[in-house]
Each structure stands twice: as structure tokens, then as C-alpha cells.
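Two complexes, one shared chain (chain A), two partners (chain B, chain C).
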Partner chain A sequence: MYTRLTAKAVPFFMVLPLILLFLSLAMFPFGYMIYISFHDYNLAEGGSPTFIGVQNYLAMFRDNVALSSIRFTLLLVCTAVPIELGLGIAIALFIRGITGEKVIRSSLLLPMMIPSVVAGIAWKMLYNYEYGPMNYFLSFFGIPRISWLGNYTFAQIGIILADVWQWTPFIFLILYAGLQSIPRELAEAAKVDGASEFEITRFIELPLLGPLIGVSLIIRIIDVLKVFDIIYMVTWGGPGSATHSLSYYIYKVGVSFGWDIGYAAAISLVLLGSIVALTTFLIRMLRLKKSLGFE
Partner chain B sequence: MGAKKILAAMGVTVILLLGVSMAVAGTVKINCLSSPDNADALTDFAQEFMKKYPDIQVEVIPLSWEVLYPRILADFASHAGAYDTMTWDLMTGGACSQGLADLEKIRKQYPEVVDPDYDIEDFIPTAWHVYGMWGEKNIGLPFYGATMFFFYRKDYFQQLGLQVPTTWDEVLKAARLLTKEYNPDSPSKYGISLMFPRTHTLFYMYLNWFGPLRRSPSGIAKFGKVDLDWGDYFTQDKKPAFNSLEGARALELMEELMRYSPDPLGSDYGETLEYFGKGLVAMVPQWTACIASWKGSPALSPYSEKVGVTIMPGGHPVSGGWGLGINNDTPHKKEAYMWIQFATNKRHDKLHWLKYNVGPTRYSTCQDPEVLKEYPWLKDVYIPSLEQASHRPRIPEEPKLEDVAVGTLSEILMGRKPDKLKTLDELASEWMRILKK
Partner chain C sequence: MRQTIKKVVKYTGVAVIAFFFLFPVYWLVITAFKYPEEWFQWPPIIIPINLTLDNFFGLKGGVYGHLTTSVANITPYLINSTVVGVVTALVSTAIAASAAYAISRYKIGGMRFVSWIISIRMLPPIAAALPLYIIFMRLHLLNTWWALILSYLLLTTPLSCWILLTFFNEIPREMDEVAQVDGCSPFKAFVYVILPLSAPGLAAVATLSFIACWGEFLLALILTSNQQAQTLPIFLGRYITGWRIAWGPLSAAGIINMVPVIIFSLIMQRYLIRGLTFGAVKG
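Right after this comes the complex of A and B.
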């Protein structure tokens, strides 16, 4: 009996330190975040947290900047993600079999390998009004200087461009690998039946890539919903609140200016809930579980 | 034999370790969290301090502005005492006061460490207040004095026969003449370089235009005197002052100047520094920290012949700067005080200006012959600028007020909110809500 108990207890105690570490570094902060979201707590004002119920959650829907942040985040999802998807698919299909495919493939991955903070600094220089290469090259086409960082619309376009530049390679990588894994016999059989290259792509390759396209879409949507670093480095959310994403606004509220930990926690939980709801919906709508063999 | 050798080696190791521990135990180690502006000078002074006091080790930890303030506040809130001393930005004085030690109490507790030559009276009074006091509590010693100044190209002005502007209306006229688009004979492409990005920069830049209107005789009659803790954004009875004709007029002046500036809404400190440094613009309102990089610029060489500096038009430039304070939770208050007193004494106030262009806070530096030889404007421009500066609020709610204001000011300058008075009124209401009034 003693031996049986010991035999069961020993593995438990061996993993106990890791469990405690996980609880303290992951679960406790998460639990505390939920707790504090129902309190009024501002580090700059001192004092202790005061329970205020759902006021923080309601305040979000009365906050014009929060609403503007939601709008810009959704704009990013609706523009950057489809562009990345389209470009990623097109590049993956296009470079197959061309001369220098391996070199091109490797160089296409470079933007993804650059840390977003570094990329942000580079884009900020590219967008410089007087000396930036963007305006320089546009001048060859007779286009006057654009205030990329000072104009409401162009600042948003600038962020979209930077995001597309950095993350299209990610989609390309996934879909390129997917194309490599499609059995050649299918295409050969289709050719024998008289199918053109376009028909092979349209009716065989793209449908088979469906699950991977779905997975890429979901991953990119989650990433874009959380976008922060490129905004922080390039536009600081401006001009006005043109390029405030929700993540960026959480940072402003909780760390940068507001020190309103309770409110920041509430917005964070709303964002988290939205991401979970959206991904669950997309997984169901795209029937990913079935197509990936989980059902 | 083998076991005996091992035991002997272990014994020697233990004794050595004990010896080192005892030696280290006699040394006090303190750290100093610093913004990048101040870090070089403080690191330099720390080396000197440690030579003078070998039992006290000082480590200067530079952190970016955005990270420094959150770290300080988090340390105060948690009472961790991880940082013994720190530089704090003047407008964070109210928020930081809760965690900063009362230096007067430390001086009374440890009179033996008080430097008899320190001379508190030597500090420019405005500097002593905004970098040192919160209410009746002495929360810091002034380290970096700063206001914005108006830099201009002496050679361009001479070429066009222009007088140095003293008001913003004069700047407008000069800027037009110095912009090639409006005057093909202009030696510069743009008249002025402005920075109105959606950051704290816009919050302080606005005061360069609003401050003179707020502090004009009619402004004082209307809004009352300026409280150094609530600053120029507020009236004497602590209500917003900017939602007024004066506040709207300041924005109009800024808008009018924008056409003579390269991308003001997309430019910040780095861009304006570069534009002036490359000779693209003729005028720029800026901090003294730019001087070091401009002196190395070929387009501005020889510097003393090409670059002039004067008080900000209007006479009430926005203030900046930093104080050095002690964490109330540090166990080494005595040593911490010795360090910050050392770093802010007369000698180092002069040295950090001469070597690093970190602005002085003392009259003795601004009137020193050696300093005036290279920077003659320190006496007649710097001192009045600091004495008459306009101030941002220093209250704990300042960061939140600032961000809300910056968003609104940015929208107005973009042209998205044409009714300035109405928008400023809405902003004032938001401020009152934040202040829970």
C-alpha cells in the first residue's frame, strides 16, 4: 500500500514545481486581470482598488477613442488580411518552377524574420516626408510628396502597407509548403484529361489548399487583432486617433498615460473574448475540424 | 588522501567566499534609473562619486522615456524598492510624489552628509520648484533644466534683412519670406520646422503659443495667475483655460505656420532636428539637447556664425527638465542622498552643461565666465526663459489629461474639427470628468 501511494505521489511531486510556476506566472495574472477589470484602480493616483461592477466595460462603449480603435482594427482585418492572402497565394503559385526559385523563396521570407520593432523603425524612415524613399520613388511618377505620417488616410494606408509587407511571406510560406505536398499524380491525371494550368489550379490545387488557407486566415486575423508594435514604432497611433488599434489603446490606457489598470483589463478581456468568438466561428464556418481530420 | 584534498579545497573555497562576502557586505550598492537625456552625464558623475566614496557603488540604468515612468510607478505601487534613485520628468512630479522620499527629512536625519557648499539658493527658483517640490514636500534635487528655445539661421536672416522675431505674428511674416514656395529668392526651402505629432510633443508644443496668450495682461485678468503645479493649461481656480478665445487663437497661429513647415503633423524631435541640421529650414523651436548634434553638422558650420538662439517668440516657452529623487522604499536613503546631492552640486551643474548640453538649473552656471564665453546667451536668454516658462500640469492625472488633449489637438490641426471653440469645450468637459469635478 505504501509503495503504491509513493509510486503515485512521486511523479506528482516531480511536476509540482512546474505546475506552481505555471499557476503563478500564467493563471494568477489572468485571474487577477479578471478581478481588477471590475475595479477602479489607477496606479498614478495611488490607493487600493475599488469595486465598481461592470462600469469599466460600459465605459468602453462610451469612449470615442476605444470605438475608433475598434474601427481601425476591423479596417486592418478587412484590408490587410485579404491582401496578404491574395498576394501569398499568387506568389506561391507564381514562383513554382521559375529560374532561381530557391533564392527567390528564401529572400521572400526575409521580411517575416525581421523583428517588428526594427521593421517599424525602417518604415518610419521610408515614410519620412522630405528624405524618405517612398516619396522619392513616387516623384518619378509625378506624384507630389505624401505626408504618410501626418495625413489621416495615408497613415492608415502606411500601417496596412507595412503589415502586408511583413506578413505576406507568412501566408506564402504556409501555402507554398501546402502546394509542395499536393500529389503530382492529380495534376498529371488532369492534364491527361485535357485540363489547362489554370483549371488545374482552380479546380484541384486551390480546393486542396482550402484547409491551409483557412488556418492561415485565422492565424493572421488573430495577429492583426493584436497588432501593436508596428503602430508603436511608426505612427504612435496618430495622427489624431487614425491608427489606434485596440491593443495599442490598451497599452495607452494601462501603461502609457492612463495607469487605469481596471479599465485596461476590461478592454483586454473584451478583445480576448472577441478573438475567441471569432476564431470559433471561423473554424466552424470553414469546417476546419473536418477538413483537417479532427472529426 | 584524495578525500582529504577535496575536503581541504572545499574548506579554502568556503573561507574565500566568506571573505568576499564580508568585503562586499561593507559596500552599499545603489542604482539610479535615468532617462537617456541624463544617463551619460550621470554615468560620468557616478564614476567620480565612486572614487570619492569607495564604499558606495552607483549603477546608472538608462531607460527610454516610455519605459522609465511605468517602471517608477510600478515600483512605487508595489513598494518593491528595486530602484534607489531616479530621474523624474517634471510633469510627473505629482504622480511620483507618492513614492519619493522627503529630502528635507533625510537632511534632518543625516545632517553629517549635507554639503555645506551645496547652496540651495543658487537654484533658479522656478527650477527649484518644478524639479524639486510637490506642495511642501521636497521630492527631488534639480538636475536638468530645460525650456524650449527659438533657433534660427543668422545667415539667412542677414541675407533677407530680417529682424529676429519676438512674436508669433513676426515669425509668420518671416516664415513666408523664408519658404521657397512663397518666395523663390528664399535661401531655405521651408521657413520653419514644427513638430505636431500625436504624442506628448504636441501637448507641450501647444504651450509655446498658448502660454504667451495665457500670461498676457488680459490673460492674467481673465484666468488669474498661473499655479506652478496646475500649469498654464488651467486657470487660477483649477479649471481648464484653453477652451477660450485665447486657446483657439493659439491653434490658429499654429495652423497658419504649418504651411511653411515640412509635414508638421508627421514630424517629431528627430525629424525637426534633421531638417534644421541639414539647412532645409530657417527656424525651429527646440530643446538645447539638439545643439550637440547641430555643432557637428556641415550645413551649420561654422555654428556660431550660422545659428542664433533667442527666447521663444511670445516670451513664455514651455518648460521641460528633470529632477533627481530618492525612492521612499530604499533602505539606503543616506547614501542615495549623498549621490543625488553630488550629482546636482554647482560643479556638476556646470559640467553637465559644458560636456553634455544638459541644461543648467543654477544661476552660478548661467553666470560663469567660462560658460558664457562659449554660450553667451545663457545669461540673457536661458535664465529669463526658465524664469518665465509656461508649464504643463504636474498633477497625478497629467498623463491622462495629456493623451486626451493630444488626440483632440491633433484632430483640430488636421482640419477634422473645424469648430475649435466647441471642440476645446468638449475637451475641457472631458478633463473635468477625469479630474472628477
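Right after this comes the complex of A and C.
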């Protein structure tokens, strides 16, 4: 048999690896980031970090590219996410009862499962100005060629489109599974009461899906705020800095073009802070604490 | 009559949806099998007739010179990706399962602990990459498998723990108690009773972790610098920044990067979806 001491020790030791992992690889780097954001530390220039207070943070406000990166990232959140949500719900509702439902569901897994870089390559080819299939299909509608990768606005639309393509299936899968788990009796009872299909959807299914919609909304917002891969592969942040996401800009500043770790750390903390703030706000507002398991 | 119209609309709708979501992948796949002259043509060749395997085995001379995906070139990257992916998946699942069990059965740390674990997901990879770069630089671990494995553990363990937590919560505690009445220590109960019961969950979590590592780009980009440790996504990424891009071989490499993931996804579909929906929904 085991003693009381062992009884308490076991769970502790079982959690220990996780805690150690996080402390060393997340908490410590996090602390280091805070520390270094108050310093001037450039890996290319050598030397050690020099304390400069909040200058890195102030510099952000004077940095046009940083500001436009913030704007583009927010643009992504405000366009891509609602579209993905809307399309995901629509497809989930639409697809019920079709023969080959399972096949469709399986094939819709594809966009989000393939590595982002592969998706990026595919879209980069599609967006080619002279020979790309995108412009080819558009020509069917009499639309002249669009310079997807060379035009400021269209590059942004291009990224939004690629993101929608990649992640609508995510929303779709979650909501589709959610729909499956709604007991049939509810819909049948409503039918007996004379409800039309539309009314069933609007008044029974959608409200029941509410929490799931909320949870997937939050996950997507977090992920869009962090976006990097697809931008690197499709537009390389261009043209110019049109499609710089904040993550991408931090990459450029910190470990690519400039090696200004201090400044990059400051921007990263701002990004992280925004994500945390936004998420907490949304969870509170949408009253999702219960759905996430925090009862 | 109305039913037929509805049917037509539904099937057209489905066709459009399927086309939209599958065409880019289709395009990539056929490009991998096209001759260089046909990669970019107007009008684009949607249904290829002349197929070739050249892109997989090295272009025969021509403008693209050494930019090939001949087997020799891609192998180191393939090995790196596989090693890192498998090790991370196994270790991450073990750590996550252990912790999830402790949380599920003993409520260790309470809600705060769980929220802390989940909040790791909010961390932008780039924010972790900067200090990790410096840490690994000091430890001389840059450009090694360890740098990637450790970093990926950070990325995959929180989600795995969360998913396994929901799985374990569904296994009635009576199971544990029965095992312990029979003389097992809690740990043994975990290993011999709970783990086998949650095998699907473990498999799903390991697969998700593997897929995440297999496609991860940013951390690999920053923490590695040559084929000693670079993974497949970096191999793909390197080609894209050139001026003349060899689309055929690049697509071929893309297929190689895609195939294991697709196979795993299809096999583990049911469990993956369950994991993705946080077990909130029984798929």
C-alpha cells in the first residue's frame, strides 16, 4: 500500500514535467523578453544590452511600418474571421443530408491540415499575374487580370482570401460536429409543432451552437493575430510592407533584417498583451467561461 | 418539382464548395507532374496530359540547375522533420497525459493552472522565438534537433494536455478506484488502466502534435540554419525567395511535405475532429 505522503506526491510528480517545461521554455523566455524590451540590444552590433527604459515602446508609435502592420493585422481579424465564421456555419448547415456528406467533410479537412508553407506555395502560383489560374477564372467573368502580388490592396485581399481558404474548414468542422450532437428529438418536436426548417435552424440549432461559435471565434482571432507562415510564403510581406502582419514585422526587426532584439521584444509584448486583453474581454463578454470548461 | 430544384441547388453548391477548397491543392499536385514549359502557360493547363516524374528525381539540366528535389537533396530535411516530429509527438503526449491525469483526478492547481496552460496558446511563436534563439545560442544548441524539439514541446503540450484532460474527465473515477482497491498505486492505475482506455485520445493528440511539428515554419526558420537540422518547410521556404523559382520541384517537395499529413489526417479523422472540438462535442 502507499502512504499519505506518496498519495500527495504522485500527482505532484505527474505534473512536474509539464511545469518544468513551461517554466524553462515559456516563463523564463517571457521574463527575459520583458527584461530585454527595456534595453537596446542589437545582435548585429554586438556588445551587451544597454538599459534605455521605455524608448523601444515609444519608438513603436513613431514607426510607420509598425503601425501599418498593426492596421493590417486588425484588418485581417475584422475581415477574415467573420467571413470564415459565416462561411463555416453556412457550409455546415448546407451540407446536411447530401449524399457523400462524409466525403465532403473529409476533403474539407485538407486546407487546414496541410502545412501552411505548402498552402502558401499553392496560392503563390494561383496569384501569378500572367499565368495564374485565379486570373484565368476571373477572365471567365470578363474581369481583367489583377496583380495580386504587386498591388497594395489586392495583396491584402489575397492574404485574406488565402486565410479564409485555409481556416473556414476549421470553423466548419467544429460547427458541423456541434450540429451532429444536437439531439434529434428537439428538431422533431419542433416539426410536430409546425416549425419550418428555417425556423428550426434559427431558433433551435443556432442558439445551441452559440458556445461553440464563441469558442471557435476566439481561437481564430488568436490565431489570426499571430499569423506569419502564409504571409512569408505568398507575399513576403509585400508589396513593400502592405501585407506585414505584426508577427511578420517582429520577425523582420528581430531576427531577419534588423537584429534589434530589444525593439522586437517590445513589439512582441505589445502583441501578446493585445491578444490576452482581447481574449479575456471576449470571453467575459460572450460569457464563455462555462463552455471552455471553467465552471 | 421543388424538391428537384432544391437538389440541383444543393449539388451545385457542394460542387462549388468542393472546387474552391480543393483546387489549390489540386493545382499544386498537377504542377509537380508537369514539364517546366507547362508550369506557366496561358491559358493555364488545368487538365494535364503530359506527365513526368522529372520534378521528383531532378530536372535534366536546363535553367534551373541545381534547384532540384532529387532524392538526395531532400533526404536530410525529411529525416530532420521526421525525427523532430516523432520525438516531439511522443514526449509531448507523455508529458501532457501525465499532467492531464493529475489535473483530472486530483484537480491539482485548480482552474488557475488550467487557464495558465491554455493561455500558452496565446503566445505568438515569434515572441517565444526571440528569447529561445538567445537561449539556444548561449547553450550552443542552435541548429540542432534539440532546439526544435524543445521549442515544439512548448507549442504542442498545452493543447494536448487540454484535449487529454477532457478525455480523462470522461473516464469514470470508478475505474481508478477499482484498480486501486486491487492494490495499484495511482500511478500504476494510470498506466495500466486509464491509458489503454484513452488510447484513441492519445493517438489523436500524438497525431495532432506530429502534424503541428511537421508543418511548423517560423521557429525552424529562426532556430536552424542549414540542412543539419532544418526541416521540410524550410526546404520549401528557401526556394520561394529566389528569382527564378522552380515551381515543379517545389510542388513536388510540397507533395512530400503534404502526404504524411494527409494520410494521418484521413486515418485519424474521427479522433482529430474530436480533439479539435475540445471533446466538447462527441464526434
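The criterion applied here is as follows: the second predicted complex is superposed on the first by the 267 of 295 C-alpha atoms of A that agree within 3 Å, B and C clash if a C-alpha of one lies under 4 Å from a C-alpha of the other, contacts with A are read in each partner's own complex, and residues count from 1 in each chain.
Please note the rule applied: contacts are C-beta pairs under 8 Å (C-beta built on N, C-alpha and C of every residue); 3 or more make two chains touch, one makes a residue touch a chain.
Note that the coordinates shown come from a computational prediction; the quantities given were computed from them, not determined experimentally.
Peer 1: Touching A:Met14 in the superposition: chain B (first), chain C (second), both, neither?
Peer 2: So A:Met14 only meets chain C here.
Peer 1: For A:Lys252, using the defined touch cut-off, is the partner it touches chain B, chain C, both, or neither? Pick first, second, both or neither.
Peer 2: After superposition on chain A, A:Lys252 lies in contact with chain B alone.
Peer 1: With the two complexes superposed on chain A, say which partner A:Trp148 touches: chain B (first), chain C (second), both, or neither.
Peer 2: Touch status of A:Trp148: first partner only.
Peer 1: If we overlay the two complexes on their shared chain A, which of chain B and chain C does A:Trp236 touch? Say first, second, both or neither.
Peer 2: Touch partners of A:Trp236: chain B and chain C.
Peer 1: With both complexes superposed on chain A, which partner does A:Ser268 reach: first (chain B), second (chain C), both or neither?
Peer 2: second
Peer 1: Applying the document's definition of touch, where does A:Pro115 land relative to chain B and chain C: first, second, both, or neither?
Peer 2: Second partner only.
Peer 1: Of the partners chain B and chain C, which touch A:Glu130 in the superposed model: first, second, both, neither?
Peer 2: In the superposition, A:Glu130 contacts both chain B and chain C.
Peer 1: Once the shared chain is lined up, is A:Phe61 touching chain B (first), chain C (second), both, or neither of them?
Peer 2: neither
Peer 1: Tell me which of chain B and chain C touches more residues of chain A.
Peer 2: C
Peer 1: Where on chain A do chain B and chain C both make contact?
Peer 2: Comparing the two interfaces on chain A, one with chain B and one with chain C, the shared residues are 128, 130-131, 236, 255.
Peer 1: Residue numbers of chain A touching chain C in their complex, please.
Peer 2: 1-2, 6-7, 10-12, 14-15, 17-19, 21-22, 25-26, 28-30, 32-33, 36, 91, 94-95, 98, 100, 104, 106-111, 113-126, 128, 130-133, 136, 165, 168-170, 173-174, 177-178, 180-181, 211-212, 215, 222, 225-226, 228-229, 232-233, 236, 246-247, 250-251, 254-255, 261, 264-265, 268-269, 271-272, 275-276, 279, 291-294
Peer 1: Where on chain A does chain B make contact in their complex?
Peer 2: These residues of chain A touch chain B: 43-46, 65, 127-131, 145, 147-152, 155, 235-241, 252, 255-260.
Peer 1: Considering the complex alone, what residue numbers of chain C touch chain A?
Peer 2: Touch residues, chain C against chain A: 10-11, 13-14, 17-18, 20-25, 27-28, 31, 40-44, 46, 94-96, 98-99, 101-103, 105-106, 108-109, 111, 114-135, 150-151, 153-154, 157, 161, 165-166, 183, 185-187, 190, 211, 214-218, 221-222, 232-233, 236-237, 240-241, 247, 250-251, 254, 257-258, 261-262, 265-266, 269, 272-274, 276-278, 280-283.
Peer 1: Mind pulling up the chain B residues that touch chain A in the complex?
Peer 2: On the chain B side, the touching residues are 66, 70, 73-74, 76-77, 95, 98, 197-199, 262-267, 271, 274-275, 280, 396-397, 399-400, 402-403, 407, 410-411, 414, 416.
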